[in-house]
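So the structure is just underneath, and the comments pick up after that.
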Amino acid sequence: MSPGHPTDSSVSAAAPRETFVLNVGPQHPATHGVLRLKLTMDGEYVLHAEPVIGYAHRMHEKMGENRTYVQFLPNPSRIDYLSAMHYMHAYVCVVERALGIEVPPRAEYIRVITSELNRIASHLVWFGAFLLDLGAFTPLLYAFDDREKILDLLEAVTGSRLTYCYYRFGGLCNDVDEQFIEGTRAFVKHMRGRLGMYHKLVTENLILRKRLEGIGVISAELCRKYGATGPVLRGSGVPCDVRKLEPYSVYPEFEFDVPHFAEGDCMARYKVRMEEIAQSLRIIEQAIAKLPPGPVMAEKVPRVIKPPPGDYYFAVEAARGRFAIRLVSDGTEVPYRLKLRTPSFSNLALFGEAARGLLMQDALALLGSLDLVIPDVDR
Amino acid sequence: MNELIEQLKSAYAVLVVPARADTQAAAVPAVVQPTDPERRGCHLEVTVTPAVVVDAAQVANRFGFAIDTITGIDWPEAGQMEVVYDFFHPQHRLHLVVRTRVPRDAPALPTIQDVFPGANWHERETHDFFGIKFIGHPDLTPLLLPEDADYHPLRKDFTNVSRSSN
Amino acid sequence: MILPEPYRLIAYLVGALAFVGLNAAYLVWLERKVAARFQRRPGPTEVGPAGLLQPIADGLKLLGKQFVVWPHADRVLFRLAPAFVLAPALMCLAVIPFGHALCARDFNLGLLLVFAFGSVNVLAILLGGWASRNKYSVIAAARVVSQNVAYEIPMLLVVTTLLLTAGTMNLRELVQQQAGGVWNWNLVKVWVNPLMPVLFLIFYVCMLAETNRAPFDMAEAESELVAGAFTEYAGMGFGLFFMAEYANIVVGASVATVLFLGGWHSPVGVMPGTFWFLVKLYALVFSVMWVRWTFPRTQFYRLLNLSWKLLIPAGLGALLFTALILKLR
Amino acid sequence: MAEQQAKWLSCAEGGAGSEPGSLVRFARLEQLLDWGRANSLWPLTLGLACCAIEMMAAGAARFDLARFGAEVFRPSPRQADVMIVAGTVNWKMAGPIKTLYDQMLEPKWVIAFGNCAISGGPFVFPGQYAVVEGVDKLFPVDVHVPGCPPRPEALIEGILELEQKITGTRRWPRVKTA
Amino acid sequence: MVAAIKEFCLGLHSLATGLAVTLEQFFRRPVTVHYPWEVLELPARYRGHIVLVRDEQTGRLRCIACKMCERICPSDCIVVEGAKLPGESRKSVTEFKLDFTKCSLCGLCVEVCPVDALAFSKRYNLASTRKADYESMDLCELAKAGDAK
């Protein structure tokens, strides 16, 4: 029942309105980084919203053309540092596809486990940050508490907490140990209980429901026109998930659902992500149960990576949606062109249209529900 | 699925730049080429002339594709720049690539942002990086680069920005 | 023990200032500690034992900070607003009976005075926001005014309803009426007026809104309006706003204690007096913090809807209902 | 653009040493104030990139910056005392971040958190066009915390280092690492 | 009307459960690690900046100054110089400079090293007021200092 603003066209010219431009960002607590929003406001209503990006542009595509394939390995995890594993996955997979390397199954299983752990960690950060936007501080701390548990697991394997550089062309740089497996099992159990607590504390909360239900509706058609993916698209009722639609790695071997809700409002996107945490836990459980023995590195990996000339494309489902790499190789040690298709970029692009006529408070809730990582937008 | 690909193929097969009386240009049909998704990651590659990219996008739109991304590739030896349009299908396992090439010394082609509003940012970004002009685009001011940037860093001949500090 | 007039005045001034100052400073500390415990961390620990010197460090830091009046701001009002904001809390404390004999001014219209001064607080935030000439501040100031106006009404309705049964506006007398055990507190006197718990709930919600506390903290709505009305304030100017927030909570909680929780009367019958008053007062303050660290912020229009569509009709209904009972009795 | 950048660069070079000079100083009072300042470092809410997540983690329950009184993240630069530059600063962001620095009131400090803030980090290569190679080119930096990203403990260490810089003494033990 | 009242009651109930959840956490033990007083144990694979490894038998640095790490480093932060000591077939390292401020801790140098002469340190809490401390770290010196301790 949020009161929408009668946007421009429906108001007669006889009543000229005084508008002003509110500049939100690049430093503003609601923009999660260095995003700037130019909001044309009528009182507290947003008449027109224009995101201004580029404040965290870090030339990843240019660096791709400057470095050898191996040297680019640290980069993908810094594009979207919250789902570093997925980005690494896409990068190593596109090069493996170009080289035609077969990855040992154990390596792929571990990739899936770590990727899904990373997805949960990413959703937890979103959960906390989103609630911070809505004015609740405590859930952020609880979410970070759980996230630390994931980070401990991943740090023990990869050596770093955030920007993992763990996957290699043809496999992984090292194997996991029994401790990791045990820790992951324990974590799955722990997280299930915590999810119940989050639902009690947050999902069912009257104030939160009122703040999210019916706010910031994005239609499936709008998503399609802007290429929005991930939880944003699934929150508009389209069960589109790269893991199901264009299966990669060993995902076809696991049973999991693609949560989707037809409402298209902030609540739907919220529920999609919370449900996805549960689904990721399911995948991890299955992957651990099925984890095969064997090597974690393919045998036939050339010492110097020189993919045959051509054009290769690989998409993965990152925490924020479809992340894809288009690699154009000219047969040398250095990529000729490395195009990074990032989900946040497309998800943010529709903000201007979706925020029109909303109250500022609701517009910022909408922004939070898109789950943006600004360096992911800017690359 | 295969049926859909067949339909797509026939839809693109009729996509032809009509021969124009005032120029010498002959009618150019679109080249439709199915590819192996396991090797290349896409199902269908369509190569068109710049004049019909809007029509090509409209076909994609009609088939329910969503815009994935738009990017440029610089080919200085050929004196051309390639613009690649990626479309994915939200319901089916289907990936469509539309390619076109523009001359490198005056790169320009029509915008598809009327068909896919989401193309707006992708085109702006491509303009940022390659200096390719999208005719009819409402606003080509730099998106990722500073507002006053006049360089196109992903061109192969780009070396450095003159900055007072370095 | 009744002091002669001039001494009384001095005693009051010193006492009230010390009380407000200490409260404001140490409630900040308490809030940080309480918030930390809710979030399973220790809070300030390193500055003094248990972080007890933290407010002093903060105060010194704020005092030592540069104070600048921006050229585009309204120079007089910008300076005046922080001074304005703490004054009403001090005035309100004049009539609050902390104990049987501990009341600066035993005054017939005490309750009226509290509400009269209480509403000045809004003015200060409005002035502060307005004088800053920052867009965020102005939006916040406008929000605060409409919020406080909206919540003043149900609050006064509740108090009027209470006064119908109590028949006095003297706060001391109000407390004395509640003597003799828990069941004599206004909160549980359902045989006098079955709506008493509801009245308390409405009063509590209004108190949260009036003091701009979460979930109604529109004045400082951090994730939307940067720092709301105080965006442009630095140093002690900001510190005063910060302190005033807690001083107002103390005033609000005191009034609630007096009106509903039996003032200085002990619930268990032993040692009635200031001790119990403070226990009740801080229990209420704790609950305010508890609410803040649990709930998200509401939307602004829902906040107004809650008042105009729910609390005010409920308050009016309660008033009529009470009048009816009194008439029929 | 180039001109403006040159201006900022010159500002940064000339403006080293962040405390305002006052003519008369009272040693005891000054010490007391320094103690207050050191124990009440309110950081500015400014997350730029990867390191910002570690900054948030440092404020979270596991590490809890609040113990040092430094958890009060202020979104308004007027009320902040220390700017934790957590992430990559590029030339598009250089203007806004310089403005933020100028909007902070004296005394103010800067912590360059992470390799990007210190020197541009892994994003520096010959011919790079976007990244500012270290925020010390824009304004004086007090404490450098290297890492990519540094652990939250490193941020706490940075705060302690800053406290030492302000008061001149260190109250906490140093953690030995191998 | 009934639905509205029911929703209202449910809403109040949800608020109460929320308060119960936070109150429960209030009485739990904090999870904080009091950093300068107590420290976390880092995993064996933790990646700090790199250090040079000594050979256990000879006690000399293992590095043979082959410059593989220098070449693979994505950020060009390693500079290695080596020289042949008289009467030896292999080179030994004379200078190993690391610009830690450009490093991204990717570990490629450690992986590529043919003689396992590099390892990650556990120095996770570095902070200094001087940039120069990290701009040009002399790993040979650091190795010596490590021995002294």
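Every chain is named by a letter (A, B, C, D and E) in the order it is written, and numbering of its residues begins at 1.
As a working rule, contacts are C-beta pairs under 8 Å (C-beta built on N, C-alpha and C of every residue); 3 or more make two chains touch, one makes a residue touch a chain.
Small disclaimer: the values here were computed from a predicted structure and weren't measured.
For the pair subunit A and subunit B, chains touching both partners: D. Most remote chain with respect to subunit B, judged by CA-atom centres, is C.
By count of C-beta pairs in contact, A-C exceeds the other of the chain pairs A-C and C-E.
Put simply, the chain closest to the centre of the protein, by Cα centroids, is A.
Work out the mean CA point of subunit B and of subunit E, and you get 43 Å between them. The distance from the centre of subunit A to the centre of subunit E, with each centre set as the mean of the Cα atoms, comes to 25 Å. For the pair subunit D and subunit E, the distance between mean C-alpha positions equals 21 Å. Counting only residues that touch two or more partner chains, subunit C has 36, 38-42, 45, 222, 226, 293-295. Residue positions 28-29, 54, 57, 59, 62, 67, 74-75, 78, 138, 141-142, 145, 163, 201-202, 205, 207 of subunit A are each in touch with at least two other chains. Residue numbers of subunit D whose C-beta contacts span two or more other chains: 60-62, 64, 67, 75, 92, 122, 125, 127, 129-130, 148, 151, 172.
Touching chain pairs in this entry, ordered by label, are A-B, A-C, A-D, A-E, B-D, C-D, C-E, D-E.
Residues 2-3, 20, 22, 28-30, 44, 131-138, 141-142, 145, 201-202, 205, 207-208, 210-211, 359-362, 364 of subunit A touch subunit C in their complex. Chain contact summary for the complex, subunit C toward subunit D: residues 32, 36, 39-47, 51, 53-54, 56-68, 222, 226-227, 230-235, 238. Those residues of subunit B that touch subunit A in the shared complex are 37-42, 64-69, 71, 73-74, 84, 86, 88, 90-93, 95, 97, 116-118, 120-121, 129, 142-146, 153-154.
Per the touch definition, subunit D reaches subunit A in the complex via residues 44-50, 52-54, 56-57, 60-62, 75, 77, 87-88, 90, 92-93, 96-97, 100, 122-123, 125, 127-131, 148-149, 151. By the touch criterion stated above, subunit B contacts subunit D in their complex at residues 145-149, 151, 153, 158-166.
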